[in-house]
Each structure stands twice: as C-alpha cells, then as structure tokens.
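Same chain, two partners: chain A is paired with chain B first, then with chain C.
Take a look at the complex of A and B:
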C-alpha cells in the first residue's frame, strides 16, 4: 500500500475545482490530508469536486472568490485559521490561460493574467505565511508551467507570469527558510486536463513529437509528485523547480 | 465556329452519353463554350462560363492531388465508365456521400436523384458501418466529414443510430441533407440530432412563391423557416443549400446569403448551380443553366459588394472549376462580415485549405492567421481595428480562458465566428469534362469500399441502381441511345 504522506496535514489548494487543482485535492485527501480549496467561477465544478472528495472520505472546506481579491484571500485564510488552527500546505495553483498573440494582447489581458497568476500567488502566500511562521514550518508549492521554459511557443503574458513565479519561489524560499518553511515550484508539461483538451491536434502532435515520453502527462501523476514535495518526506528540497513535462 | 482553343477534353454526348472528344473555346465575346460531336447524334455545344478570363485563371490553379488510398477498378473503358475509383482517379475522397434511403416526401422539379418510395431501400446499419470503416482506413483513421443523403435521410427509420455510429467513430462533422419537411414537424428528431452533434444541410432555394413551385413543386418557405427556427432553438449546426437557376432564383442569392449569415445556427452556405440530372432535373428547362462565374457575379451584385468574385478561392482538394470558397469573419456587433481575402492573400487561404475541403485549425491556417494579425496590427489599413477585434473574438471563442472546452466545441465555436460560402458546380452530360471528373473529391460510397464521384454517379450510375429505381436501367442503356461494352458486363459496385 502506498504511504499516506500527508496524514493530518492541513492543505489549501487555490483553483481546486477542476483540472490539476482538483487532482491535487484528491491526491492530498488520498494521502490523509484535510483539504480546502478555492474556486472563482464555476459552482458546478466546485460541487463536483466537493462530492468527489466527500466520496473519498474527506470533508473539504470550499471558498468562492478570486485569488487576486485580497479581501477574499484574507477571509479564506482567517476562516481556515479558525477552523483548523493553521495551514501546513499552500498550493498556489489558480491560474488563467489565455491564447493571444502579442498583437492582440491588450493591457487589460496582461493585467488579468498577472493578477491571477502572480498577484494571487503573492496574496495567498503572504496571508498564509503569517500562520506558517507562527507554526515554524510549512510548505508552499507554486504551480508553474512548461510555457516559461523556452521549449515551446506560449502567449507572452502567460509565460511571463509563470517565469515570475520562479523568481518569487526562489526569493521567498531564501527569505522564509529560517522558519523551516519550504517553498518550491512544480512545472507541469501539457496534461490530459485543461488546455490540451482544446488545442488543435497539430499542437498536441508537436508536443508529443518533442517529448521523450511521447505522451501527455496525467494530472494524477503530477499530483503525486506534488504530494511528495509538500510532505514531511521532503526534508531538504526548497527553492527548487521540478519540471515534469515528459522530457521535452 | 470561331474562337480560341483553351483546352481539349473528353465529354459525353447529351443524347447517348457515350464518350466524345470535346474542345473548349473562348469566343470573341469573352464567353467559354464546349463543342463536341457525337458520330450518331451530331454536333453539340454548351456555354461553360460567361468569362474566359476567369475560366482560364481558375483552371490554371492546379489541385493539390492526394491519390485515393484504395483503387478498386482497373482502367478498361476510360473515365467516367470505370468507377470506382479507377486507376486514373487523382483525388481522394474529401466529402464522402452515403445514400442511406430511397424514400422522399417531396417530388421536386429540380431533383437530381432517383427516389423510390414503394418498397423503399434503407441502408442497413452493418452496411453503413462497413462504409465508415473503409473511409477511416483510407483517411488514416481521421475523417473530417461524412454526408448522409437520400432520398430524404430523415425518413430512414434508424437515422439517429447511423449518426451515433459515425460520431462514435470520431468523424468531425456528420451532416444530414434534408428538405426540412419532417424536421419542421418533428421537434423531437431535431432535439435528437442536436444531442448527437449532427449537422443539417437544408435545401433552401427561394423566398418567392413562384420560384418555390418551379423548383420544389410546392410552397415550402413556411416549412423551411419553421425548420430553421427549430434548428436554431436546438443549436444544430446548419448548412443552407440553395440551387441557383437562371431566370428563377438567381436574383435571390444575395438575400439568401445575408439570411444565412444572420441565422445563428447556419455555419455554411453551399450554393449549387443547377444541374440537369436525375428523375426530374434531367427534364428541367435547360435555359435555367447558370455558370459558376455568373453566380459569383450575381453574389457581388445582390450583396452590394460584400463578396466579390475575387473573394472566392478554388478548393485545392477538387478541380478549381468545381468548388469556389469564401470565408467570412462574422461581426457579433452587427457590422458587415469581413471576407478572409481582406486580410489574407488568396495564396494563403489556398494553402491553409490544402489538406481539407473544410477549414480546420491546422498548422498552416494558424501560421497564416498569425501573419495576418501581425500585419493588420503593425501596418493598419481600412477596417484593421475592427478586423483585429473580430479575430480576437474568434480566439476567445475557440480558446476560452474561463474554462477549457473540447476540440469539437472549439471547432463549433470557430464555425460560429467564421462562416463559409461554397459555390459548387456539378456537371451533367452537357457540361461533363473528364478533366474535372478525375479531380473530384465528392464520392458516393459503398459498403465494399468502392466509390463513385458524384457527377459520374448522377450522370451515369444512379439510374442503374435497383435500390433507388423501380425499374433500374441496364448498364448498356442510355437516354436516346445504347452502348454495349464488349469486354464484360459492367456490374455496379453496389451490386457486387
């Protein structure tokens, strides 16, 4: 039987109602964690995710709002502080993808992607860190993307946002390492959920042709890697970036 | 006969349908005519185009040929008598047509098929599955489209099951030709088609009562409009198919196009030029003949220049004189649609279409669109801002940031934002040109994997099939004459 790496851990996943976020919630629950997630848009997806977690024996706490809204962030973290007495794991997964060439990329698009992908990560990390510093420990995991790795064309605002998270991860890890708080980044390749569902076939084929594994990643595979990265089994890795893209 | 020879080809005698040598001339008045002589039935001529310049420019475009994956017939008698496909056929099937029923609930004066309502033929599911399997094999497992026709396909007792089967095989577009009569009365069937993701190709020839009677033998406008209401309501992707006939409805083409562009369910319009084949079409007044270029001119005239002949490009998958295609970006704010030729060159559109009869989000198209966006943005020009806004809307519809959608949903979203106008010119025995026939990409398909290009089928093969005729004609029979093949009695593929 696989080890339950997160027994009793209090885990918050932003953007946890679908795609990789949902897979993270389910994997964490499977590893014995208490799970909370946020979602911003689709109530139906959130209900589905909640039901799936309940079926797996986990009663999730669910929060509705945008990660770029500081009031929502403060309220969510305060509620979790009251309910759980602290937060052991934060996964900054919420993100927005927008396929636009630079010619069509308006300032509002730039701001929107930066708000959700970068500012949201900053807001949640800062709010949760108060609890983690008090507890002298914790894990923050930021979800990056192969889009920032120079191996494939990607919309510039999305690539810039994911690259920003790398700097954020490294700097924050250095700053809060003294409190035994580990900050890492997991950069998935193209997965069987999310963007790959709607990309034209030639884009998928291009990806598969470049990858050593010759297939798309599975969300649950990434979730297992994440479960290790935020667990007590990860005793020495911080400020690290793990790229799981099938060998691009 | 005076004029300049453009090319020589093989055609058919209009009486006996035997193969005859033919010459295509440009006359001094700029028109294009085919001249031919049958040893038995004498000299014959027919106008092919009103513009020699357009005809020659268009014919000079070489189709991108991809040979059929499977050859079923050796060359014995020569095109079009060896279908098929035979060893001389140059193009694989891009639009597979499956005639699933002989039953029809109309008797249109322009009908180019043969219907049989007594003891009607309805294709068995097993036969349909064989056809799908053959087509998928021949297309490397991925098929853009399959077109179910008849008769009236909605009268097939198991139509939903056939569609389901095709969808289960991953065919991108399953289209059902229909006159709309049953659909207008049977909302449950429309709902079922919607649920199955089927598309409807609805014949829609006119808004005028006299023309309706002349073309369809009845006043069907209210029925067609009711059908479209239901298709809209249930979100069924729809193609409108008007048949243009000189002196009857040619003046309505612009109105029909504008009507189609405004209906949310309509994705494409496929305008046919009248062809004189089939149970009724063969005897329709041939003064109604209209050429491809005349239809393009009529489109320009009746749409106030929204679309010009140069906005149409030939399909690379067919002979250039058979298919002309224009794509338009639709403006959700109600502004005039923008033809692709206003931001892409004709060569770019032709290249983007080179693999397919229907536009798909291929690497070529993506590359061309990105170039167009950069040019519009960097260099500006009339309508650049509005066009960029429309292209942005297209991207947002196909790749929404709020929530991933499936590839099929993305394709459908793209087709709501980009509508296509096809002008498709079929041939009859008068206009038959084997040069066009060998590049045909539309074929009637059979369970044994054989297929017959549709014009060849309409002119020579359809009336020989027992499934569709109370009294099928023997192979040697020709209207007005006979020809007996010495080597063997030709057996139609469907009877093998």
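Take a look at the complex of A and C:
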C-alpha cells in the first residue's frame, strides 16, 4: 500500500478535467488530498473528472474559466480561500498544444500559447502565493515539457513557452523560498494522453526508438512523481526540474 | 465511464463519438484534420451551414448541393418515416425505385437544347463506386469483351472494379493485382484512343466529363467527338461517370447531355440523396439491359444489391429532384460563370495563382507550387510527401480559419476544388472571394 502523501492537503490543479491534469487530480485524491480543478472548454470532460473523483471518495471543487483570464483566477482563488481557508498545493498544468511550423505560426497563435502556458502560470501563482506566503508554506509545481528540454521537433511557440516556465520556476523558487514555499517543475515526455494523440505514428515510433525505456509514459506515473514533489516528503527540493521522459 | 451511446442519445454521441471515431474507426483521419486545423467537432446545422465551436462553416465539398439538411428533403423523409409504407420490398419490385427510375430517365432525356432520348433503364446502388461497378459489369455482360478503358487522372471510386480505372498512386497501388482488362489512356490524346480501339476487345470507355479529383480537368471537345465516334463504330459502351458533374453541377442536368452521342451509360451519385442518404444510379437503355441480363429470369438479377433503391433513399432522391428545377440549373450556369470570372480577376495578382477552371459551380482554382523550402512537406516533417506541392493544402488550412471547408483535389494537390451549394447566398460567395484573395495573399507573403 503506497503512503498517503497528501493527507488533508488542499490542492488546486489547473486544467484538471482531462489528460495529465485529470490524472493529477485522481492521484492527489488517492493520496488523501482535497482537490479543486479548473477547466476552460469541455464541460463534459469536467463532469466526467468530477464523477471519477466522487467515486473515489473526493468531492472536488470545480471552476470554469481560462487561466489567462485574471478575473477567473482571482475568483477561483478567492473561492478556495473561503472554502478551504488556504491552498497548500498549486499545480500549473493548464496548457495548449498546437502543432504549427514556423512559416504558419501567426502572432495570434503565439499569443494564445504564451497566454495559457506562461501568463496563466504567472496569474495563478501570484494569486495563490498571497495565501501561501501568509501561511508560510506551500508547493507550486509547474508542468513543463520535454519539448523545452531536448532537441526535438516541436512547435517553437510551445517549446518557448515551456522554456519560459523553467526560468519562472527558478526565479520564483528563489524569491519565495524564505517562506518555505517550494517551486518545482516537472517535464513529462510523451504520454499516453495529450500530444501523443496528435502525432503521426512514425513520430511516435521515433520517440520509442530513442527512449531508453522504449515506451510512452503513463499519466498516472507522472502523477505519482508529482504527488511526491508537492508532498511533505519533499523537504529540500526546490527550483528543481524533473524530466520524466523514459530516458530520451 | 459511461457505456456506448444509444441511437438517439445525441448528447453522448457528440460527447464521446469524435474520440471514439479516432479509436474505433480511423486514427489518421482526425489526426490529419487536426494538423490541418480542419473543423472537426461540428455539432449542428444552421441554415445549411455547419456549426463548430469557432463558428459557422460553409461546405464546398459538393455532397450537400442544397446545404446540409435541407428542410424539404428532411421533411420528405420524415413524412415517409411517419407513414406505414414498406421501406424494403422482398420481391425487389419496389414502386419507389420504379417511380424514381422513370423520373430520372425522363429528366435525363431532356437536355438544355431540347429532347434527346437515351435512357430507359436504371440500376440503383448505394454509392458512386457501386454505380461504376454496375457499369463495368454491364459492359462486360453486354459486349462479352474484356477491356475497359479509362483516362489518366481518373477517379471512379475505390471498390476493386472502379479502383482498376483509378490513376496509379496511394488510392490504387496497395491493392494490386487489379481487374484484368482495365487500362488507362492519356487524357485528350485522340491517337492513343484510336490505337487502343484498333487492338480490339474494348467493352467500354469510362470517363468523367470533368475530372474532379484529377484536377478539375475538362475532357476536350475533339476527344469527346472521337470517343463518341469510336465507341459507336466498335460497338463499345460509352460510360459517363457523372457522379460529380451530374444533377446540375455544371449548369446542365448532365454534363454529357450535349455530347455528339449520348453516352450508353451514365452514373449518378453524390447528392442524389439530397446529402442525407446514400444512393447512386446507373442509367442505361432497356436494349442494353436486355443484352446484358435479359436472357432468362435468373440472369435478371445477376448483378444486384440488397438495399439499393430502398424506399427511403428514393424518397430523398425524389425530394432532391423536386428542388433541382430548370431554373436552379440555369442559375448554376450563370452564377458559376460569374464566380469563376470574379475569382480569375481577383486572384490574378497573386504569384501563386495559376488559373480558374471548371464549369457551372464545379470550380477548380489552380495554384503554383511554392519553391520556398519552409513551405515544403519536408520542412513540416512529412518526408513521405516531399514530392507533393503544399500550396493547395496550405490554402485549405487558411480557409478553415475563415469559415470555409475547401479541399485540394485528390490526385493534384495544386488544385483547390470548390463546389458551392446551388442555393448559396450571394453574400457568402462575396465573402469567399474576399477571403480567398486575402488568404492567398497571405501565403504569397510567405514565399
């Protein structure tokens, strides 16, 4: 029986209705956390995720809106402050992927990816930190990508956004470490959810051939790593970047 | 996790059906659509257009000649389903098929220039390919000859018989060996045609009056004249595949109705079912039917299909023909000519523009291949397509962002195929001309 690493922890996951975000919510609930998640588009996915968490004995708080919308961010954090009295864990997971070669990458595409992946992380982190700093503790985990860690074919705006999160993570960790707030980054490789479903088979085969483990990652594997990173078991790691990509 | 959706659970079908398509039908089609930015998650029809989360989309594929879910076709189907009439007749003697066959023949025997009787027998199938199969078998059975000639660049369908007439390439090559006796001739090469007949044994020549997937290529008048003469002289069947060109699309009921000789066989399909139901028709003469299948009772159904011409699809076809008035067909001719002229004038300034081609509202926009490496399939990481031009596909990608479903021709990706619905509002056409002008300009700015 795995330890319940997050017993009673108040965890907020952005983009938690599907893919890795949903796996994070389910893993955190499994570890005893109280869970809230946001979603921006598909209410059915959100309903499914909520039902799955309820079935696991967790009553999640669910918020609809874009992470790039500061009003939504403020309202979400305020609601959680009222409901829970604080937030112990924030996972900045919400992100958009868009496969476009540079020639076709328009300013609006660039702005959209930067808004969700970078600005959204900034907005939620800033809003949550107000509570965490007052409480003198907490974890912020930013979800990166192997696209910013390895020399691979990746859309440049997506890779740039994920690279920006690395700098954001390190600088923020430095700034808030004095409050015992740990800020880390988890960069998954290709998983069985998300980007892999947008790639042609030959690209996936290339990945499998290059990876030491010769397989795609599973969202629940990453969620378990994340659960450790945001738990009290993680007592010293901050400003860290963990790459879990099967050994590319 | 919920179980599979049931028939009328629209909410669940739209909720999980798109993903289920990827998992259980074909993973590559949604992948391609996603890479191209093609609107996939369409969930409703509004005034003939498709509603997706980004807005309304005008569909230029050509299957929805009167727009998606035309109210008259829908109402006719609803009325039939509300009645107690049988849909399928075990004897195969279906009054719905009979009445539709008569109507099709009578309409096809009338050209823009006046009466030209030719057709008195119809076989109903469920797809265009099925109609072409029927034509190939009719030719073999009626003439006893093995050779079926087609033209280079053809697209007649993907069943094994129709596929044998296809241009070599991805649609055809994996399925060899192909039907013996099927051969391709170069388009518009009269000498090659004459040599093919001189070798003997030709049962039929199958051709599209305008090759749509081949790049909206029109068969020349000289070639048609030679074809009419040679098929008659040698007793071979002339088969016009009018799946794309028929039913008013070119400004005539049949594109072939003005040929020197009416084709012995015409195949109709695509929007015959009003865009709602699949039905195709192979039209020929009673005499040819007799020659092929009239020897005895058993041979009468030597070629058959179980659900071809069931009542429901025939009702859809009747309702479609109700809409397809002479006035509508005349407007297809005039509006098509005007649109082609506008496009030609508007797009001429772009370096990537080549020409506008076609007839009526069957339009091809010819594009030049870009020579800039960053617009190549190789740069996009798709080495297997490195010989293909990207311009047509990229223009589709741009049009998807602006509310238009357009497509590149299957055999020639330099050509954008544009088949507007016959009742498309002028304002939508105006917007299309403006949009394609802007988007082609954008692509030109990248090279």
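We take it that the second predicted complex is superposed on the first by the 248 of 248 C-alpha atoms of A that agree within 3 Å, B and C clash if a C-alpha of one lies under 4 Å from a C-alpha of the other, contacts with A are read in each partner's own complex, and residues count from 1 in each chain.
Operating definition for what follows: contacts are C-beta pairs under 8 Å (C-beta built on N, C-alpha and C of every residue); 3 or more make two chains touch, one makes a residue touch a chain.
The shown structure was predicted, so the numbers you read here are calculated from the model rather than taken from an experiment.
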For the overlay on chain A, clash or fit between chain B and chain C?
clash
Looking at A:103, would you say it contacts chain B, chain C, both, or neither? Reply first, second, both or neither.
both
Looking at A:120 after the superposition, I want to know if it touches chain B, chain C, both of them or none. Which is it: first, second, both, neither?
neither
Which partner does A:19 contact after superposing on A: first (chain B), second (chain C), both, neither?
first
So, A:44: does it touch chain B (first), chain C (second), both, or neither?
second
Identify the partner contact of A:144: answer first if only chain B is touched, second if only chain C is, both if each is, neither if none is.
neither
Give one of first, second, both or neither to describe whether A:194 is in contact with chain B, with chain C, with both, or with none.
first
Quick check on my understanding: which residues of chain A belong to both its chain B contact set and its chain C contact set?
99, 101, 103-104, 197-200
State the interface residues of chain C toward chain A in the complex, per the touch definition above.
1, 15, 22, 28, 31, 34-35, 372, 374-375, 379-382, 394, 397, 446
Which residues of chain B touch chain A in the complex?
360-363, 366, 370, 373-374, 376-378, 388, 391-392, 395, 398-399, 401-407, 409-410
Residue numbers of chain A touching chain C in their complex, please.
44, 48, 99, 101-104, 153, 197-200, 203
Touching residues of chain A toward chain B in the complex: what are they?
18-19, 41-42, 45, 96-101, 103-104, 193-195, 197-202, 206
